[in-house]
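Common to both upcoming complexes is chain A, partnered first by chain B, then by chain C.
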Partner chain A sequence: MIDADYLQFILAPQVINGLVLGVAIVLVALGLTIIFGLLDVINMSHGEFYAIGAFGALALASVGLNFWVILVLVPILMIPLAVLVERLLISRVFSTKDRHVTTLLLTFGLALIAEDVLKIIFGPNTHRPDTPISGATEIFGIIIPNYRMFLIGIGSLIIGAVAYTVYGTRLGAMVRAAAYDRNMAASLGVPVRLVYTGAFAFGVALAGIAGALLAPLYSVFPTMGRDFILLAFTVVIVGGMGSIWGALVAGLVLSQVQALASLFIPPVWTEPIVFATMIVFLMFRPQGLFGKIGHA
Partner chain B sequence: MKKLATTLAAAGAMLAMAPAAPVYAQEPIKIGVVTPLSGSYASIGRTVRWGFELAAEEINSAGGINGRKLVLLFEDEEANPAVAVQKAERLLQVEKVDFLTGTVNSASTLAVGLLGERNNRLVSTTVSYADSITGDRCSPNVFRFNARAEQQSVALAAWLKKEKPQAKLYLVGPDYEMGRSTVAAFKRSAESVNIKSIGEIFAPLDSKDYSQYFGQIRSARPDVIYTSTAGNDTVRLLTQMQEFNMLRNVLVIGAAGAITGQNIKALGKAAEGFVTGIGYSAQIDTPENKKFVAAFNAKFKEDPDLFAADSYGMLYAYKAAAEKAGSTDTDKMREALRNLTWMTPQGQKTIRAGDHQAMSPMFAVRIENGQFKIVSTIPAAEAIGPDVCTRF
Partner chain C sequence: MLDRLTISMRASHVIALTFFAVALCFALIATLLGDTFYMRLASEALIFGGLALSVDFLLGFVGQLSLGQALYFGIGAYASALVLMQVPSFWLALGGAILAVLVSSLIGGLIVNRVRGIYFALITFGLAQVAAKVVYNTRELGASDGIIGIPVININLLFFSFSAANPLAFFLFVLAIIMGFYLLAAWLLETPAGRAMIAIRANEQRVAFLGYSVRNVRLGAYVFAAMIAGVSGALYPVLRGFVSPELMYFATSGNAVIAAIVGGVGTLIGAIIGSILIVGAKSVIGSWTEHHVIFIGILFMAVVLFMPKGIFGFIRERIEMRMIRKASAPTEAKTSDETGVAGKQA
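Let's look at the complex of A and B:
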């Protein structure tokens, strides 16, 4: 079965496609896992922050800004929005008894509102910014679009930078301390409230940058937030809620499973396989592959 | 008394001043139009109504039909077969209409058709696509004046045969009923003109990334790709193919709904060169169509679409048949409509006697600089497909 044609046209490109999808999912899932790991909040509106990032990139591009400027501006512009949401909404229900339920409902409602606001501002039709890096490169007869190669590169850089910030810096140590024991960290002088707001904003900014990066590939429309959110949740659950390495490993493995499975079974069945994996994890290893942030 | 005389005189003067409206001696001909005027199909019903109104106005100002005035009676079917039957019943029983038309929803057309059989009246549609209306569920009382679904795929296949007789065809569709049936229908049409199809793939609706199928498509080395995706799915499919340099040596064709005004902007350059088969375009370069487009534009301030053109054309068929029959009697009209050839904005159409399906010229349109351009006209006889009606 493995002849040259199969390897060159099907197997190898499929592995690379899976890698691109994997990096994209990890970018979305990273913010989700940080917000859960640190704030203990299940952010159902994460997909809409991803959509807002994409629409933001589109709006900035329409006023003539360069793609590289947009890539820097989008996450910066997401921060005040995230701070508002965290301070005005999430922090108000944060201390209630069923934090998981109230914050889940709150962010879910926020997602519905955000989707409709995007529809009102930009209309229901599909938009698409031009691909900033055009062309494709042929390596051993395998065609890889240049923008996808760039995406793998910049995605790895962002993931590395996030991991370094959390595990290798003083700031990261404060974050991990606050996640491990809120009260102890506070009594040792960690500004816990500020860390919470900052972590939420950081997670949202990551969703925004993912939106801006993926817009040329997957196009931009008001309901795009739903696209990745289920997959991202699966990745976070399988990887371990709140684990950065878990999100990375689970994201890359699950996207490969999806990519390669579609060679052997009808493509509609690849998503059920991924979600079945999630259910198996929830039943037999609910803590996921890796432990929670601050605990490992 | 003097007052009355003045009033009469004034009325007389007004009558005299009125534009030279023909004076009709006889009862008017009543056409019942049951069409969606509200709900999600309202935009279709609106252009159907406009097409009929324009034709009726032209016919009446030219003396009507057999000296009788044409009157249109509109009812809202709400694209709901139950409502359509109720409204059609009212038009038949209370208004005593001579002819029924306008239904959009294919199920409404079939239901009103049965009503027509029971009441011995003729019924027509100018919009419904479903092949069954003039196929396995055909009726001696139902006529279809627009092209059915199969004519679109037959027309596209005929164009393809002419352009690329040696084409190796690959088919892509969304994985649900519409996607699978359109792909199957086009595959059938293509194979009937000896175009080889070398593979097909069904991607889930709302797929994010189509690149996972590109390997399979590339290794099959097709030179024509047919797609029946719609909306955002077409945007992702074609722009991702563009990313992978797959549009360079491949001709992309598809269902008429694959690229529309809704997604053509997001597609940008990736839409260039796309070809589809359709029953009308405002750009048809004939004197009949130019006159129709100009009159339509003057009255309604926009270009006519397929539904307006087919509805407009239908009233002229009715006129021609009624003049040939010399009456509006159901049996005489049925005979007169069978094999009737008349002129429409699209060109000459003929009603096939065997299944009451209008044989109409079809058009292959290609996207050039973001605009649909007609690249070829497929004669009615080539696009019609077989007659499968066995009831009459």
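Let's look at the complex of A and C:
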């Protein structure tokens, strides 16, 4: 029998922490999975886009902008950067034979450069921006910091909006059509090139907004993308590369696994367990839990 | 009869021979100048060149991008270090490393070869990460500090022995081993088994139709590549006197991929020279700025975009053309092309 104190002070906060991490991971993984589902690109620089979003928020905050303005501004500023990357790098090698490998290598190179650029601009040290929403609320005797509650709320809102856009709108139908069969979609009048660029920019903007949102929680440093991206990759693989529902389910489940496992085993061992899950999935179910975007 | 691959490999041999001569000249000059720093740096670059060679063998010939080849480099290094802490015998350490890598790459090969293409890259990536984290968390293996204070040993060759602290002798020893790997890989590719590996890259299904066991060929190639990486890794603690979990991290695997791509995928020798170029560039650029990664990143991306065959792939093509022109029957050489059929990616 689990006693009430354990439930209230250890288990429940840990579930909440896992939920916050889960929402964060899903935001990053969504971008990754959309970019893969549509462009077939393994974006190795996705973690760096996440870091750029966090540093962007930091820089904008230092010139005195309001948190809410930053939250809108960061993803908007990320879009031109993403368009540039897609047009100058990815579309250039898109028709080559080994495009999976080539785009992976290109984005890997980009990640190296981006990380070093961040180090040059902001220095190698860790920054910790102030939490924009302070205080905590007590719900059923569980004390939850307000910012974490806000994160769960806004994260769910963004995830819902993405899912609605992809599955409920005309634009989303074009995106799914382009993912399913790009030649057929193109011949039916879908501007496939534009959809690709748009989807890439959208995914990057999602990573950026995740960075801006999580900066006060997980602190900001140039290599912050590296650790996070591994988890995001795991989520995308377990959920199914290119699946939006998969990213959502896998993200929430795996973050709970990580949060709850750390109650029973040393926290340093939770990471290998999560990565091992990824390997097991790659071995026995490489398509993941759910199918690819556009494939029903 | 000379097919295209044989000609390509001969062109590679020309580059390899030139490289070997340059390396010997370097050793001579460095010894005359009384240098030890650059000699040891070059030894380290060669050791990482072995890792890059291993990546190139898989990517260039079997068509599999491994993002976690540092796993076997690290296993070799740790096994060698653990033996050296007990017995100061190089050959025992080497044997231990070979055994550890053989066992682990057989298991690893069975895991990663279940998938193809991009999933292969991801699963090798994940496997190395898991192993690195396990090593990082295991106190018996020194955890995050790694194993330090590995004694300097004497390496016994049949008729004489030398100290691993002797920079010239150790450099020549490493050079011999890495060039040996190059020759071994080149020889393997000329055997029927090697041809089957190359055929897998071109069209895996047809290899199965021809009666080869695709699984065994893939596994064989994987274990062979892991061995090259592992033995190179076994040399590392002998040179530096320590091992750390960083050896298994993605940064190490990634550097090997960069070296292989910049040097030239599928040239074998390009990967080795590429590794030396990267280590050299790091050391030179690193002497006036700590942000050398940016230059290497730009160089790497430029090569991927504008010179997909890599620096030595580009040079080798020129050498090949001269060879074909010189050959008495120039038409014959063009018939079979190992890169002709588009590889099936998952």
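The rule is short, and it goes like this: the second predicted complex is superposed on the first by the 295 of 296 C-alpha atoms of A that agree within 3 Å, B and C clash if a C-alpha of one lies under 4 Å from a C-alpha of the other, contacts with A are read in each partner's own complex, and residues count from 1 in each chain.
Throughout what follows, contacts are C-beta pairs under 8 Å (C-beta built on N, C-alpha and C of every residue); 3 or more make two chains touch, one makes a residue touch a chain.
The structure displayed is predicted, hence computed values, not measured ones.
Upon superposition of the two complexes on chain A, no clash is found between chain B and chain C, which fit side by side. By the document's definition of touching, of the two partners only chain C reaches A:233; chain B does not.
In the superposition on chain A, A:213 makes contact with neither chain B nor chain C. Shared-chain residue A:259: touches chain B; no touch with chain C.
In the superposed pair of complexes, A:21 makes contact with chain B only, with no contact to chain C. In the superposition on chain A, A:126 contacts chain B only, with no contact to chain C.
Taking the Cα centre of chain A as vertex, the centres of chain B and chain C in the superposed model span 70°, given to the nearest 10.
When the two structures are aligned on the shared chain, A:82 is found in touch with neither chain B nor chain C. Contacts of A:204 after superposition on the shared chain: neither chain B nor chain C is touched. By the touch criterion stated above, A:283 is placed in contact with chain C alone, chain B being left untouched.
Look at A:268: by the touch rule set out above, it reaches both chain B and chain C. After superposing both complexes on chain A, the closest C-alpha pair between chain B and chain C lies 6 Å apart. Judged by the document's definition of touching, chain A residues 266, 268, 271 lie at the interface with chain B and also at the interface with chain C.
Residues 175, 201-204, 206-209, 211-216, 218-219, 231-232, 235-236, 239-240, 243-245, 262-263, 265-268 of chain B are the ones touching chain A in the complex. On chain A, the positions that touch chain B within their shared complex are 5-6, 9-11, 13-14, 17-18, 20-21, 125-128, 130-131, 136, 143, 145, 147-148, 217-219, 221, 227-228, 259, 262-263, 266-268, 271. On the side of chain C, the complex with chain A involves touching residues 59, 65, 111, 114-115, 117-119, 121-123, 125-127, 129-130, 133-134, 136-137, 250, 254, 257-258, 261, 291, 293-294, 296-298, 300-301, 304-305, 308, 342-343, 345.
Residues 42, 89, 92-93, 96-98, 100-102, 104-106, 108-110, 112-113, 115-117, 119-120, 226, 230, 233-234, 237, 266, 268-269, 271-272, 275-276, 278-279, 282-284, 286 of chain A touch chain C in their complex.
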